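Lettered A, B, C and D in written order, each chain numbered from 1.
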Amino acid sequence: MNVTGWLKKDGKWKVNRIIGVVLVGLAVIVSLTGCFYTPYDPDAMDATLKNASPSLSHLFGTDNFGRDVLSRVMKGAGTTLLVGLAVVSIGAVGGCLMGAFTGYFGGKADLILMRVNDAVAAIPSILLALVFVGVFGSGTVQLVAALGILFIPSFARVVRSGFIVQKELDYVKNARLMGAGHLRIMFVHILPNIKSSLLSALAIGFNNAVLSEAAMSYLSLGVQPPHASLGRMLSEAQPYLFRAPWNAVAPGLMILFSVLGVGLLSLEGGEKHE
Amino acid sequence: MSNENGHAKEEKNLLRIERLCVAFPGKDGKKKEVVKGVSFSLREGEILGIAGESGSGKSMTALAIMGLLPENATRDCEGIFFDGQTLCGGKENNKKFRGNRTEKQREEKVRQELSGSKMTMIFQEPLTSLNPVLTIKKQMEEPLLLHTKLSSEERERAVVSALTKAELKNAKRLLNQYPHQLSGGMRQRVMIAMAMINKPRLLICDEPTTALDAVTEREIVSLIHKLAKEQNTAVIFISHDLSVLRNLCDRVMIMKDGKTVEEGTAEQVFERPEQDYTKNLMQATVKGAKEATEQPVSETEVLSATKVSVVFRRSNGWFRVPELKQAVSEVSLSVKQGEIFGIVGESGCGKSTLLKALAGLLVHYEGTIWKKDSKIGVQMVFQDPYTSLNPAKKVGWILEEPLRLNTGLSKEEREQRVREILKETELPEEVAERHVSELSGGQRQRVAIAAALITKPELVLLDEPVSALDVTVQAQILELLLRLQREHNLTYIFVSHDMAVVRKICDRVMVMKDGRVVECGETEDLFVKPQEEYTKKLLG
Amino acid sequence: MRYFLKKTVALVITLLVAAFLTFLAFEVIPSDAAMAKLGMDATEEEIEALREAMGLNRSLPVRYGDFLLGALRGDFGESTQYGLPVTELLADRFGVTIGLALLSFVLIVGISVPLGIFAARTKSKAGEGIIAFLTQTMMAVPPFFLGMLITLLFGIVLRWFTPGAYVPAGENFFGFLGFMIFPAMAVAIPKIGMSVRFLQSSLKEQMQADYVRTAKSKGCGRRRVLWSHVLRNALVPVVTFLTMVMAEILAGSIVIEQVFNLSGIGRLLAVSISGRDYPVVRAIVLYTTAVVVLLNYGADLICRYLDPRIKEI
Amino acid sequence: MKKKAVFLALLASLTALCACNGGSSGKKGSEDFVSAVVGITQDLDSLDPHIAVAAGTDEVLFNVFEGLVKPSVDGTLVPAVAKDYTIAPDGMSYTFTLRENVKFHNGKAVTADDVVYSIERCAGLLDNQDPEVVVESALSVISAVEKVGEDTIVITLSEPNTELLGFLTCAVIPMDYTSQKSAPVGTGPYKFVSYTPLTEFVVERFEEYYGEKPYLEKVTFKICASNDAAFMELLAGSIDVFPYLTDEQASQLPADYNLEVGSTNVVQAMFLNNDFGPFADLKVRQALCYAVDKEELLTIVSGGRGHIIGSNMFPNFGVYYDETLENYYTYQPEKAKQLLAEAGYNESNPLTFTVKVPSNYDIHVATAQVLVEQYKKIGVNAEIQLIEWAAWLADVYKGREYEATIVGLDSALAPSDVLKRYTSTAKNNFVNYENPKFDELFTKALASTEEAEKISLYKEIQQLLTKEAASVYLQDGAKLVAVKKDFTNFLFYPVYVLDLAAMKPAQ
């Protein structure tokens, strides 16, 4: 698959996909750069520069502690993207396993698992976060694990409904006649066929993961201050929306770019076999 | 003759089409024409058959008349004239489909007026063509609602009478039913009744019987014929099956690659075809008995089944007593090495279920099934190659999969075997690198056969392997199957509803109805001297 | 009848599981009702005595059994924080949360249906692009931020409403509406983004269906095809989707209630968790579960009505 | 198209409706400002004054309940339900004479029995003690409360204590009244009207109050979900008094509000667990003190408004407070580094610890961030871990499982209350401080009836804590109160209370 072929369809450029690539690229470049270089130390405070408005020396202004917003965004974007990706990966893998088994085998186990799913969905996420801190302690790894587990049911639902449709198709019977085991049928034969619905679930999951990360760090789970993450920066900017809106602009745009980019890519990703 | 007459009787033409072209955007940005300048005309009350293989542009022609082309299609024509009105174009006014807005709006308006009242259409798949969430009555009423000023009681009466005319029993009871509650044949009758309810001047039928089994097909065709003659409705009947057109049509038109190949009265075309293509097409139509083979059928059994019964239990919950449905009851059979064993019957007779049980795809059955070749297991070729091959994988991968699972061959050896089997099934080697979606129907079925044969099984189960294919392709695939069977001394169990195909290929045949065996015997014996009423009915 | 019996059993099972999970959760997290209630200056003995009085130091199965017995009698216990019967405490908050949920739901449906139809019907690439951008942006804004922005813009700058001036619908319906519309907006906007997308894709899918061709062949215009054929068919997945959305809203919009100072279920939940007010949290979890499950059944019934095929399965 | 138009019209009319609605409501109806709305950010944890433990609840209930004595603005205790009192010279008993004509809100007169009941309940002496009542530990020295006449009671102690008065502010409530939790009855200037959880607490003027009647007829304490939400309402004008402004909010205060600045009367510190390995070393603790630039800290977290403290006491303790300690540890990063080096920490072996901070206190979270950054400069790796309040209570305060934490501690109006936690046997000695000298000095100070001796002993105690660097003492935060210009005379007390009875209309 060559690049232009991927970006073009019927001779026309796929505008959505190009914008998606550009936005995701931007987010990735910014966060990669943030690993090696930031204009200022993202945590360094300056009491004389509290909430300074954007200027040449501080392109996106400074925050309440006099920290450079741009530097913090560069650093925070990496954390946020990584958390988002990891969460979605765990959710997707777990959801695929659970959805595949329940959807493929069906029966009473499926019914019971879906009931448990309902019940877990009803447990408030604050409570679950506390449970997680209680059992596993706090930290970024735990955050990823907790959110990942929280995200499993939604993926499971998508995968399950896909499997219920696909398992009835003849190619699955054919695979059984060839002697493929259930596991192989589930993950090698069927799974690639629900790619498109899985892709859009991934995009929405990524969106939600980025948003949840901020909420969770307040419950002592996850990225702790003074370390930057986009969601946290956004919520910290909240009291200063009036006086120092730039606190919110840069992280807000960054979240928007990455989420929008991923969303646009997923939008087009599923069309290949149509 | 038709040309001269057509010209002389211009004023009596109901429909005239001049140089119709339809194109779709292609892969590389260029347009791909599927209809290339087709012209023809139709007189009042005339039945015109259009025949051709898939991709010949016959359906697109019909859709273009009705203005139902897909959104991405572009249409270009010198004119479509219907009953004194211009449906599109006109010589002086040659516009693209997507062109001038006001022109398009005018066309749209004319078409809305005519569609459903003076010209109507029925389609191949009656289940999806009917709106699944509306009652039969609601859908039947719609043309009346749109084109007449009848009161609601009058409409209901009209609906009931249309249904009755379409030979549907108990029309009143049907009114509040939904499409999925009817059988395939009934649905198509409803479609016909709906199309005929406003006594249209023109009825276009796009492969209306392809999805139906033989007995129903004959009934539907004669119904269309009867109604058309009663109401003096002109019919365009599109089919890939020449035998259907033969008894129905006044005139026949053969299409290939978007062009008209031959046109003339039914008698002319069928008895004295002029073009080679038409001749080919007719020869391809499966008919006649199986050619005698030299090699005698051995006496070794490869498969035998004794008193096999399959009961489906439909459980509706944890507390409900499950409903039982006897799909197969006490079927016994025995298949010998090198034989082709046919199973025929209408849809729902249990033949596919039986086949699944024999294949080992069903766990819950009673009786015993014994298979000689248990190492590799039986292989199966399914009816619809669109669903039986994994759409997410490349052909090469699909063909390698059985080898990966059942043999210890290395990657190179496997690829070698794939190349061999592709050659044997007359597929180009590049196919291995393609996805199934990029192949034609015939190619797909070849791939399916290749996948079944790549592990060199002795027994292959074939579930309607040619039903979804064009006539010419059908013939080719049957030939391929026969050749492979001879070369590898294979044993086939061949399930089909198409009697002609069964006669052509099978050594022995078993007739099934409602899960039971009606009759079983040597093919020719059975076809020539059917013992049972039901078999006679099937043979028509 | 069997349907309802079956569904009720499933509901009860789900509720039992949810209650048990809540019990487990409270086992695991630090602190308990006694400690949270007595605060910093209490001694270990005092905390122990209160635990004894509250029955917290009985074993898990005993407490679970006790809860089950109580629940059978319709008694969900007393809030450890407020000393009020849980049912009473919850009943007072229901109005707010349900009002908010209903209003947001109206907004979601009212805005996303026309927008979704437009998105599905538009042929211009630009139109599609704008919709995609718009919906994605709506989804990408964190709810707390959105709430804050709305308060600032409409409450402080434009002064269209007074932050915190919630009036119960029973007292002054228009006053209620005039205030509630803003938190409802904050709840609705991200969901509108999702709904528009969902509607767009399911409408587009239906527009490709064969029966649309049939309808056109009967002489239906674009509008009739859309309204009496496509929409009805697209409704089934949309109803399921909207139920999910409704369940999400009803299950507590903690953040929005915090930002707009509404004393609904969500805020009560937040306060109860930090106060380790187990009976209240459990009741809210049960309520949420019941809402989710019941809404699903509701959707089930609606879908059965909308799509006659479902009955057969 | 038509449908779209209808929809838009609907939307427009809806917004118009909101607009006019917003215009009319929100402002108070009456002209004479006899009622006020006070924004508070924590729900009341109980309406029973003996059960309530949250400082925020005490603030509010101060207007409804009174004790035998009550705190005054200048930090002294003035008689309230009692008319007069005497403390025995040996510090072993207190005698109170009750004021005549003091009435409960339910109209009944206060009797000596009610007072005895109230004090016994607070001290945990009742036979059927309510387990929810937390016994004030200082009151546990009371051995008996006796009624010796119709208007006299005597409190006998088990050990000498001359500071008990500061704790006898505990509310006097009617004996055998069982609805205290839902309909509280006290003797204060305001009486209870209604309470809706998570919404509001309403009181009205008690017309039979013995003292000066308050000006405001009705006060509504509006319970806001968060500081931000409360400020939004303030900006919209629907809150008259908001006592929890942040520095940032204070600088955005609308023109029709006055900013009143007082102090919060808490000791904000980074408390160090003295049992945690590195912190057992005096040099390490001192290094952490020297490394803090308190000026910068105050500038960043509170706009420079707080009061720097040097020990575990705040300035409102007046004569007991040793202000010289404020400059004991000045900002000397080099010295801090050197001390750390002496303790064996350097670049290859940096000091590393975790600060647990309750996440619901923005000021502590901000302080922690500044400290972490300042410690980074001397090569110390401090990591912040936010922790939910209930978990903080369980893990840090009760469980003492932490390395360092940042909180503010408030206190009753008695120096012993603020310092007692450092005695080695104190139940709330969560910093695990142990020093026999401290214990000895404290016991002496507590029993001392000689004021001058008491003062010098307490100052010595404070110095001991500072020199030993028991924790890193930071500030007594500024209390920033927004008061609508319609009102005046908002009073600050040396304890955590909100006095609305004193408020007057402007002009």
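Convention: a contact is a pair of C-beta atoms (placed from the backbone, for glycine too) under 8 Å apart; a residue touches a chain by one contact, two chains touch by 3 or more.
Not measured: the values here are computed from a predicted model.
S.K.: By number of C-beta pairs in contact, which chain pair leads?
M.R.: More C-beta pairs are in contact between C-D than between any other chains.
S.K.: Work out the mean Cα position per chain and let me know which chain is farthest from chain A.
M.R.: B
S.K.: Using CA atom averages as chain centres, what separation in Å is found between chain A and chain D?
M.R.: It comes to 42 Å between the two C-alpha centres.
S.K.: Just curious, how far off is chain C from chain B if you go by their C-alpha centres, in Å?
M.R.: Averaging C-alpha atoms per chain gives centres 48 Å apart.
S.K.: Round to the nearest whole Å and give the separation of the Cα centres of chain B and chain D.
M.R.: 84
S.K.: Return the residues of chain A touching two or more other chains; collapse runs of consecutive numbers into ranges.
M.R.: 130, 133-134, 238, 242
S.K.: Of all residues in chain C, which are in touch with two or more distinct other chains?
M.R.: Within chain C, residues 29-30, 148, 152, 156 contact more than one other chain.
S.K.: Among the chains present, which pairs are found to touch?
M.R.: Going through each pair of chains, those in contact are A-B, A-C, A-D, B-C, C-D.
S.K.: What residues on chain C touch chain B, complex-wise?
M.R.: 2-3, 5-6, 9, 123, 209-211, 213-221, 224, 229, 232-233, 236, 306-309, 312
S.K.: In their shared complex, at which residues does chain A touch chain D?
M.R.: Residue list for chain A touching chain D: 43-45, 47, 50, 64-66, 130, 133-134, 138, 217-220, 224-226, 238-240, 242-243.
S.K.: Sort out for me which residues of chain B touch chain C in the complex.
M.R.: 63, 66-68, 71, 108, 111-117, 120-121, 123, 125, 128-134, 142-143, 146-147, 178, 180-181, 191, 194-195, 316-320
S.K.: Sort out for me which residues of chain D touch chain C in the complex.
M.R.: Those residues of chain D that touch chain C are 3-4, 7, 14-15, 17-19, 21-23, 25-26, 43, 45-46, 53-54, 131-132, 134-137, 181-182, 196-199, 222-226, 228-230, 232-233, 235-239, 360, 388-391, 393-395, 397-399, 427-428.
S.K.: Going by the contact rule set out above, which residues of chain C touch chain A in the complex?
M.R.: 10, 13-15, 17-18, 21-22, 25, 28-30, 125, 129, 132-133, 136-137, 139-145, 148-149, 152, 156, 194, 251-252, 254-255, 269-270, 273, 281, 284-286, 288-289, 292-293, 296
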